[in-house]
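Here the structure comes first, spelled out in structure tokens, and everything after it is commentary.
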Amino acid sequence: MSQRPYAHPPLSPLPTLAPLTPVAPDIVSLRDHEREARQHLDEARWAYLCGGAADERTVTDNQRAWQELRLQPRVLQHLRQGHTRLELLGRTLAHPLLVAPMAYQRLAHPDGELAMALAAAAQQTGLILSTQASVYLEHVAAVVQQMRDDTAPASASTPSIHTPLWFQLYMQPRWDDTLALIDRAQAAGFEALVLTVDAPVQGVRDRERRTGFTLPLDVAAVNLPPPTPSPEPPNAWTGVLRHAPTWQDIADLLRQLEQPSTHRRLPVLLKGILHPDDARRARDVGAAGVIVSNHGGRTLDTALPTAWALPAIAQAVGADLAVLVDGGLRRGTDVFKALALGADAVLIGRPCLHGLAHAGAAGVAHVLRLLRDELDAAMALCGCATLADIHIDRIFQKIE
Amino acid sequence: MSQRPYAHPPLSPLPTLAPLTPVAPDIVSLRDHEREARQHLDEARWAYLCGGAADERTVTDNQRAWQELRLQPRVLQHLRQGHTRLELLGRTLAHPLLVAPMAYQRLAHPDGELAMALAAAAQQTGLILSTQASVYLEHVAAVVQQMRDDTAPASASTPSIHTPLWFQLYMQPRWDDTLALIDRAQAAGFEALVLTVDAPVQGVRDRERRTGFTLPLDVAAVNLPPPTPSPEPPNAWTGVLRHAPTWQDIADLLRQLEQPSTHRRLPVLLKGILHPDDARRARDVGAAGVIVSNHGGRTLDTALPTAWALPAIAQAVGADLAVLVDGGLRRGTDVFKALALGADAVLIGRPCLHGLAHAGAAGVAHVLRLLRDELDAAMALCGCATLADIHIDRIFQKIE
Amino acid sequence: MSQRPYAHPPLSPLPTLAPLTPVAPDIVSLRDHEREARQHLDEARWAYLCGGAADERTVTDNQRAWQELRLQPRVLQHLRQGHTRLELLGRTLAHPLLVAPMAYQRLAHPDGELAMALAAAAQQTGLILSTQASVYLEHVAAVVQQMRDDTAPASASTPSIHTPLWFQLYMQPRWDDTLALIDRAQAAGFEALVLTVDAPVQGVRDRERRTGFTLPLDVAAVNLPPPTPSPEPPNAWTGVLRHAPTWQDIADLLRQLEQPSTHRRLPVLLKGILHPDDARRARDVGAAGVIVSNHGGRTLDTALPTAWALPAIAQAVGADLAVLVDGGLRRGTDVFKALALGADAVLIGRPCLHGLAHAGAAGVAHVLRLLRDELDAAMALCGCATLADIHIDRIFQKIE
Amino acid sequence: MSQRPYAHPPLSPLPTLAPLTPVAPDIVSLRDHEREARQHLDEARWAYLCGGAADERTVTDNQRAWQELRLQPRVLQHLRQGHTRLELLGRTLAHPLLVAPMAYQRLAHPDGELAMALAAAAQQTGLILSTQASVYLEHVAAVVQQMRDDTAPASASTPSIHTPLWFQLYMQPRWDDTLALIDRAQAAGFEALVLTVDAPVQGVRDRERRTGFTLPLDVAAVNLPPPTPSPEPPNAWTGVLRHAPTWQDIADLLRQLEQPSTHRRLPVLLKGILHPDDARRARDVGAAGVIVSNHGGRTLDTALPTAWALPAIAQAVGADLAVLVDGGLRRGTDVFKALALGADAVLIGRPCLHGLAHAGAAGVAHVLRLLRDELDAAMALCGCATLADIHIDRIFQKIE
């Protein structure tokens, strides 16, 4: 800890984004975007960006678990003046979607995270930037702020909608590097921290390894110190796991963030919670929220789908904490179901990458717009005028 | 409401129907009709007429849910003089099948709803005409009445069988338009109203959108005022949902229909009920019946299959109201199961369109005849001589 | 009943059977026989002989239901001197397999039921001859008796094994025709009657109808009076169902067979029972046994698989009556499971036709030998030296 | 028993092993090894080595049963200094994997069991040699001992890791042959006996029989007396089952091994236990452990998968005996789940053969290394630093 934290080189100016690409008219669903993206990425990039761990059963399970929930609509409800607004961490959001943190987005498109941020902000969609972003975090913040300014309501009569900007974080091997990253993100305008806790080691990424994927020279985690080569350890226990964070480390970090003397005041959400006891512990150490996630099926294959984990966690801590969920959401009805099972909001990951890969910012915006429209339709068809009307009773419980 | 209701232009004379087309001898089931119809319709018409919402999971679920119920027959019952007659809304019907309301049937065949009505009446099958019919409702009524006259029993000894003719209705944005439609349908001889309550917005019709379907110039909702172009609203909530009917609207309408002073006396069924509490509410506002339906999977994908929703609804209101069901019925055994789960009668939708598409009225009649014969066989093989013998005990309950 | 029963024409002499065809060495299971038979039969004969009702879901279910039961073996049991012998209707059988009654076997092979009988008797397998046999019942009895004589044990020390010969019967429209058939079967040496009670009407035989199957000129139900053409009735209720037998008819028949004055003394089994209450009623009217059957899925599609129906029926009447089962048994483990669920013996149908179709008597004998050997292996591997050791505890009950 | 036991011919010197073959870089999982092996073996060898009984449903079930268990990880546990060591039969093992006994490994590779032993020992993986090994058991023991010496820790500070070497045994028809084999194995350095108790007869090996597999001339069970030809018995009961061992035989053998006067002191595990009562009986007759196994689905098809049988057995005897399991384990997560359900260790069978078939000792070592690494990752990702942390609570229990 006595080492000096990593000092970042001066930033280059904000790059110019590519002109908008139109989205083909027969792309009308997130699966259409996926199909299209598959054409635009080589095998290795596809494997890295969209593949999962081992046999990719959790990847499949995640999607299927939402699909297999059946909706039981109510009819003739009062739907006029419905909307999708919600309160989250003290702000009013336009809708319950956020873009999930995903590493190295310049693998999908030259503009990478900048195009992603632009599209998200245009759709009033919160963005969670990955620690392993391939563009400078300050540039992302600038793009989001610019779009917020452009879309600010003309009059004070409209509710004051906020588009969130959060920073995803892995605890760094060196404590001071972690704090330096937090300081830098806060300074750039990021408003919350998302600590990923479900990946003490990499998953068994077979698809990726089969293609021999390595990062190309022009894509890197530009916000992190360059990796220091070290002798290959005999196994995981003596390798990366030496640095795996524990509940104690989280408690220490949160205590440090809470101290009155510190200028660090960002709320922290723990991402990767799958057990209600871990959710309770997150609450007890002072987290502002949990994200129910299995890392999109990229780490532990055959981990339970998040739709199965969510209800018990929402029941355990939903009254005290923000509960978000990701993994396999591909339809407005999936989002509706997540809210019915107790989530406050959801993260959308791979589908945004798909849009990005084949059509840049326009693709991402299209993906988010589709989901928003589908959510509107699902709410109306289930008889829910606001998110508060979405209760568990809209999920059919089959009595066998 | 002060605007004058839409005044309909004078009707043209009843068109001449095309000569009957024979049905190929290897078409022996509803699925054969579907396969054949698929050859006769282009991608876009098929998508509109036969497609469903989103991933079409509810379309598939509807069919599968009936199939997966297993029958447990009883043997050596007294079957002589069995029959399929039933009482429904005060009339005696030959059998428990009705043709479901479906829009724009001239997309499937030039004679559209006229051929459908002719075939239905020839098979003593009730017909529910869609608000969005592509022929004049008066013409349909004339065709049905003509066939009723032709098939009237010669002597008074035969039970007096009636072939129902009902009108399906969406609440129109303008109240007086709704009343004017009702008056016109009643004047033409329609005997009941089917209010569709499960489609406050259109579903996410991906298949349709992918093909770029639009109505051809020669097919229109000829019984409705022409649509008035209006500026595209930013989303559903400020668009169509401004006019979405509520329970209050239904109560108002039913009260109006009940007043002694009014000449309007048509019984009303609510179509699109999936929850027993909504069925109870339908009863409480004075509906004559409910139709358990998820709109054939065309609106809310992953809505529960109707076979799952039916039993609780039949139990809740079956003693008080007519309970009908539609969605995915493709076999006489499916119809038998619907009755065993508590339905009084069933609606058949897409299969009639399939017959219509490839063989006009003869195709529809063949479809209905197949179902009637299959129902006869299912009853005999399960040991039921009349519909009253069809109890829930014929559905096998597996004790795991 | 005043009409004279049908008087049968004099029999022709017993025909000479075709020479034995060897079975190919890569045919090692019943499914291999099925594949081979498929090559030897045209579409229409295959449809008639091996097809099922409607979508053939019960055909598939029957097989799957046995397969999905999991065995939980016990080890190190005393297996020396094990055997498969059983007592059934007062006789000692070599093993618990019988050939199911199947109509018109000459459709599969020129020697038809004669080859089937020869093979069955050679494998000490009981035979149930169909009313609709395409050879004279007396000829079948002669073939069986000849084989019994040929394989009689040389000394009295071997247990006296008997190979049963039963006659399957549909109640005929005319009572005296029924009695005449029974008399004739008894005179020929048949030892029990199998009354089929699950087919008051034909099933919805789509596959058959698609191929336009009709009986060829040289295949007929030679033991029955020729069908008298009659005007096509408007539907099933006024057609065949006029003659559908009832419990009263069965009771009358059994009473007649029981009278001390009568020379008719054949025990009667009811075939097609799927409900325990019907099994109880069969017992109460005096049946000697029931055969749990859904007619091989040829009549009512989506009827429950027999493996699901068997346990409750065996529990209801297994102590009082012989309980047999058929439908979808394709492996020695399937037979083992049927016995574990309470059956005394099983009927094998289509697999025998498969063997017959491609290799005549040798094919049938091979099928039966495979099943016998597989049953031996299943018993030994589950730790059962005799049929009496096969209890329900060998079926794994998953505690979810 | 008065016959003299089989006297083995003098051993030839230890053969030289083939040079190591590299494993292709796109082979990153056990399924990749399987695919590769499939290319290297002809149909008949593949059928014998990797096929299963009958329809191979248990082969498939075994794998699927592990896959369908869902993991529910815990996060932020203390993982530093984790490891996979365990105590088994009084020794410390590096990890909970052993190579299962498999016959005739020279069918897969000319070096057969010698290459297998070399690779196993190199990976500190215990080896169970089959009675039907195709190389001399003394040679296998020599290879293992050599590798143990080569990898012995330089200093006393490292925990003293032992690589087990066990001998699998079928009871021989002649008692003295059984004892002679045990003596010989013990003399060679084998440390435990694995008595296979689930194969009193061969399974119904359809795939093998279809290919007409027979042992080639250069592969034989060199540690057994040559088979004495005997007249083919009429069926299993009078054939091999005459010699099928019983609980009494096991008790006799174990008593003999326990006598203070005897030099035979090897602990005995019974392999092929699937019922908790049989596990209790194994304990009561003095076994040191049980191996939950269905013989890899090679004997009784539709036997329950081992993942279903394990929990009740572990609960019944896990406190008293070593409980091992095999069948269908293909992933580190599968191994993790087996431990969570109560196993102390697992046996890996076919995957080792796959590695052997296409890349000899290097292939086997690669298979074992993959599994070890995957187990490390699964433990870390589930929040378990040692095997003792792996509890049943990591298996998600869905509340339906």
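Lettered A, B, C and D in written order, each chain numbered from 1.
In this section, a contact is a pair of C-beta atoms (placed from the backbone, for glycine too) under 8 Å apart; a residue touches a chain by one contact, two chains touch by 3 or more.
The model shown is predicted, which means the values in this text are computed figures rather than measured ones.
Q: Would you mind working out whether chain A and chain D touch using mostly the same residue numbers, over half shared, or mostly different ones?
A: Different; most numbers are used by only one of chain A and chain D.
Q: Indicate the whole-number Å distance between the mean C-alpha point of chain A and the mean C-alpha point of chain C.
A: Roughly 63 Å separates the two chain centres.
Q: Just the number, please: Cα centre separation of chain C and chain D in whole Å.
A: Computed from C-alpha means, the inter-chain centre distance equals 44 Å.
Q: Got the chain B residues that touch at least 2 other chains?
A: Not one residue in chain B touches at least two other chains.
Q: Every pair of chains that touch: which are they?
A: A-B, A-D, B-C, C-D
Q: Flag every residue of chain B that touches chain A in the complex, lowest number first.
A: Its residues touching chain A are 54-55, 57, 61, 197-204, 206, 209-210, 212, 235-237, 241-242, 244-247, 249-250, 270, 272-275, 277-278, 299-305, 308-309.
Q: Spell out the residues on chain C that touch chain D in their complex, using ranges where they run on.
A: Contacts found on chain C: 25-26, 28-29, 31-32, 67, 69-83, 331-333, 372-374, 376-378, 380-382, 385, 396, 398.
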